[in-house]
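Here's the structure we're looking at; comments come further down.
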Amino acid sequence: MPLPATQPNVRVVTLKIDDLDLSAREDETLIEVCRENKIPIPSLCHLDGLSVWGGCRLCVVELEGQNRLLAACSTRVAEGMRVHTNTERLQRYRRTLIELLFAERNHICSVCVSNGHCELQWLAQKCGVDHVRVPYRQQPYPVDSSHEMFRLDHNRCVLCTRCVRVCDEIEGAHTWDVMGRGSDCRVITDLARPWGESDTCTSCGKCVQVCPTGALVKQGTSVGEMVKDQHFLPILARRRHAR
Amino acid sequence: MHLEDLAEKAAEFRAEEAGIQREVRVCVAASCQSSGSLAVMEALEDACGDGKGTCRVKGVGCMGLCSAGPLVSIADKDCSLDESVLYRDVTPADAPEIMGSVCGSPVERLRCPTDQPFFARQHKIVLENSGFIDPDSFKGYVAVGGYAGMVRALSEMTPADVLREVTTSGLRGRGGGGYPTGLKWSTVAKMPAGQKYVICNADEGDPGAFMDRAVLESDPHRVLEGMAIAAYAVGANKGYIYVRAEYPLAVERLQTAIRKAKRAGFLGSKVADTQFSFEVEIRLGAGAFVCGEETALMASIEGLRGQPRPRPPYPAESGLWGCPTLINNVETFANIAPIVREGGDWFASIGTERSKGTKVFALAGKIRNTGLIEVPMGTSLRDIIEIIGGGIPDGKAFKAVQTGGPSGGCIPEAHLDIPVDYDSLKTLGTMMGSGGMIVMDETSSMVDVARYFMEFCMTESCGKCIPCRTGTWQMHGLLDAIAKAQGTHADLALLEELCEVVQATSLCGLGQTAPNPVLSTLRYFRDEYEEKLQRAEL
Amino acid sequence: MSTDHMSTPTKIRVATTWLDGCSGCHMSFLDMDERLIALAERIEIVYSPLVDTKELPEQVDVGILEGSISSEDDLEKAKTFRKRCKLLVSLGDCAVNGNVPSMRNHFKLADVMDRAYRENVTLQPQIPTREVPALLGTVKPIHGVVPVDIFVPGCPPRADAIWHVLSELIEGRIPDPSQVTRFGA
Amino acid sequence: MTLQQAKPPLPSADKRWKLVNATMRRNGYAGHALIETLHSVQDAFGFLDEISLRFVAASLDLPLSKVFGVATFYHIFMLKPKGRHTCVVCTGTACYIKGAGELLDGIQARYEVAPGETTQDDRLSVLSARCVGACGLAPAAVLDGDVLGKQTSDTLIAKLEELD
């Protein structure tokens, strides 16, 4: 999503996040300022180097004087803001959101190649989700192993669209997109045909690296073996931007 | 062009009709068409033919009382019998008898009294031409004073003057939220000059609401005029009308209206011989309720999946293709021409302290008079339902009225005396919404109603944000269990908690308001839920 | 939980059983090694596959369930545990979220049975009807059928995690297992 | 750097492709004309198949996945051909309150098709709509474009039985 263009002369504002007095450039978003200052903010869709999506809602924060919660990833800082990132209410909401995700598809961590290296699993623990109160949807999803190097398991997809964005914004191939609506949404390659048949995919593997869960993985990995590496992203994003 | 020139044109168009002694108006809006009004119109035309051209059968827009369609009204020149006679449930076989009747002795058996409260209690601004003019006729619109607002704005007012009138009028957005229209316009106007857009949201998606459809089908030029005035005021030169593909008749009439207005020089470049240019294009929706949300609507116009994006930035700042964009709905634009024509103070004199003007409602459900009404803001719900609507049929008792569609709530008998305005409805846990009013009688189960709306939100969720995408699925499951008397008290507690989370964390209005029907039925009809839980736990 | 330290502390009465699972969580329990000795001084295992008692006593302080609810028998056991135990603990992912047993939920039960007892069997393929509990249509976590007080995810939860949970219970505190374990751990 | 994308040839000699092409041309082959173009494909052919999606994607120079994502987002677009007749049952609130559910149940019982499905013999497709705007005539259905108001399960099925 394109945020309005930044002014050439960027000013600095001061704000308070969780009783810490901080300064930030006025074109920064709350999540960027929090990450810079080591204030933990849970998030699944946001990734430094990709455009803002605002879909996972895990990064919602409270702003003093405002009833509505704000997503830290899509809210710019402003002078004098007083932000709370970890109130009891926010913790409760985040727990519920994570439970909703676990119940939506079939995230069985114990047999996942990303076990131990999964952002969803890690967030569940951080946010204190030790069980899921809502019923599981029990909807089976296919696994696409047609690509010679990678595999897609829809059962583990959280629809964060990081793969879609990295493919479009960084690689420039736009092989990925999302089809359908609501809970029937699915990430697809080209016309929702097997990934291995895609004539637009460059097999660069960026989608696999940015995927927070075990939905996109390398072929040949076994339980717990899929470790992802996203360090390339801010570097590439910066260089793409510079052009 | 000046107002005098336009008045001259109007007089000229009226003069063309001077020879007509009898005008037969047949409602050809969608609802009456569905009841067979086109065949009635044909039969009337046959019966009308005296060859002297003194009788004319004219297709007109919605007359309001849709449940009695096809509706036909007869206006005889020099006959003052309440100006016109209205006939209901007309069939083609009735045509000769109707045409044979003379002034003073109408066909009593078909007569629909117009002094009944359904007609007498209405106050028409938006629908002033509806049922009188031929929606496909540009001349017809001008003849009754159409485009006078636009010509006045362009020839006598600066954009700032227009903004001032609209602000003074106190008009608030009729799409549901009730955001002050003048403020919205001023924000777009204040953005630096450059490409700006005006969008008319005609994606009327609330199930049970058909106000915008009626306006578009009955008086399309009014909407174009409102948009043109808006464009002039905010400095835009391009407009889009985003209309549901499910409204083919409305689309057709809009296309005709745009074509004719353009040919007459009232749209396009140099509108009404001024330096102002304004092009309007129609964009078809494709069956997605979420596209009523402004950022999703803009995504759809851009040819993308209709998924909302976080706000701010608001469309006024960064809208269509990143340009400042003004979005209002059909009824809002339909109020503009009268405001400019008659002045903001006139408009502000109607309605309540904080909700000005009138509101069009679509009355439907278990109510005697189904159809479209326009009443001043502040009219009580009881007046609307019991007097104008004629109460509940079949000797049943009233239970609740649902306003605001899937984002709104149900109001019980105890609160029927509140005045209908944006703020009062909010205090009752519902909202104005676009104007759908569905009446329910004692046979309706409120848990079923909540489940119905949740099912709606679930299937209409775009899938972008977690709380809406999967929270609505879960809430629907819980409601379904409760409705089937299989739910537990723990289920109800979980449902209430999900309501809170989905409301607080969803990305757009669809998700944020999806729990409203549940919360409002829980607030007023909790016993119906409890009863089902008890049955489950027996 | 009793925290009566006046004389010798009363031992906490603990019952455990496994439902549909691999018994790995019980094995993990045994992995506590020498800590088991310390534990034995504070708790009394009144019913468990690990001990000889055949009857679940009427009054139990802590009930620990491993495995998911997959059969009529699992359902009965869970209900009995809930009735007789003051605190009920879901131990391990199968108990907490259905885990591997729940992967059959994507198939119709009849298809699952056919695959197991007919398609891959060469000698006398038949679906057993006697002396095995009937399977339920859907596998559920324990809290899907009875209220659960404490959840200890993990596949299996490490011995340290189980030790932490039991130690907290012994001290009269309600443990927060997410400090020490997680789904799939 | 400009790499001009050549416009693809029409998929076949079928004249209807020219209508589709005309829509795209009128919009300057801009990517934002995607939904308009899909409408024109559906108007011309009744549904969207892979050939048409590929043709539209290539003509508008849009990624295939994006075209498919849009085509499946909007409920009006059909990826499979419809039956000879189409019956849309309105499930808007007014129709729901007045018994739209019974209409659907009746159709289901008689023809064994749920909304979104087509009978085995391709005679009838049944759809549900979120409100056809004929609330005054609730419960309503739209049969091959004609609105049928104040229906009961019996009257609607009688109408459906008359179809060829």
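Going by the order they are written in, the chains are A, B, C and D; count residues from 1 in each one.
The working rule: a contact is a pair of C-beta atoms (placed from the backbone, for glycine too) under 8 Å apart; a residue touches a chain by one contact, two chains touch by 3 or more.
This is a predicted model, so every value here is computed, not measured.
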{"item": "Contact-richer chain pair [B-D vs A-C]", "value": "B-D"}
{"item": "Cα-centroid distance, chain B relative to chain D, in whole angstrom", "value": "25"}
{"item": "Geometric centre distance via CA averages, chain C-chain B, whole Å", "value": "59"}
{"item": "Separation of mean Cα positions, chain C and chain A [Å, integer]", "value": "34"}
{"item": "Chain A-chain B separation of Cα centroids, rounded to whole Å", "value": "39"}
{"item": "Chain B residues counted as touching two or more neighbouring chains", "value": "288, 305, 460, 462"}
{"item": "Shared-contact residues (touching 2 or more other chains) in chain D", "value": "66, 69, 73, 75"}
{"item": "Sequence positions of chain A contacting 2 or more other chains", "value": "133, 135, 178, 180-181"}
{"item": "Pairwise chain contacts, counting only pairs that touch as defined", "value": "A-B, A-C, A-D, B-D"}
{"item": "Of chain A, residues touching chain C in the complex", "value": "102, 106-112, 115-116, 121-122, 124-125, 128-133, 135-136, 138-140"}
{"item": "Residues on chain B engaged by chain A in the complex (per definition of touch)", "value": "288, 305, 309-310, 312-313, 317-318, 322, 458-467, 469-474, 477, 494, 497-498, 501, 504-507"}
{"item": "Interfacial residue positions of chain D with respect to chain A in the complex", "value": "50, 53-54, 63-69, 72-73, 75"}
{"item": "Touching residues (chain side chain A, partner chain B) in the complex", "value": "1-4, 52-58, 60, 69, 71, 74-76, 92-93, 96-97, 100-101, 103-104, 133-135, 137, 158-159, 178, 180-185"}
{"item": "Chain D partner contacts - residues on chain B that touch it in the complex", "value": "30-31, 33-35, 65-67, 69, 204-210, 213, 245-247, 283-289, 300-307, 362, 364-366, 370-371, 402, 405, 436, 438, 440, 444, 452-453, 456, 460, 462"}
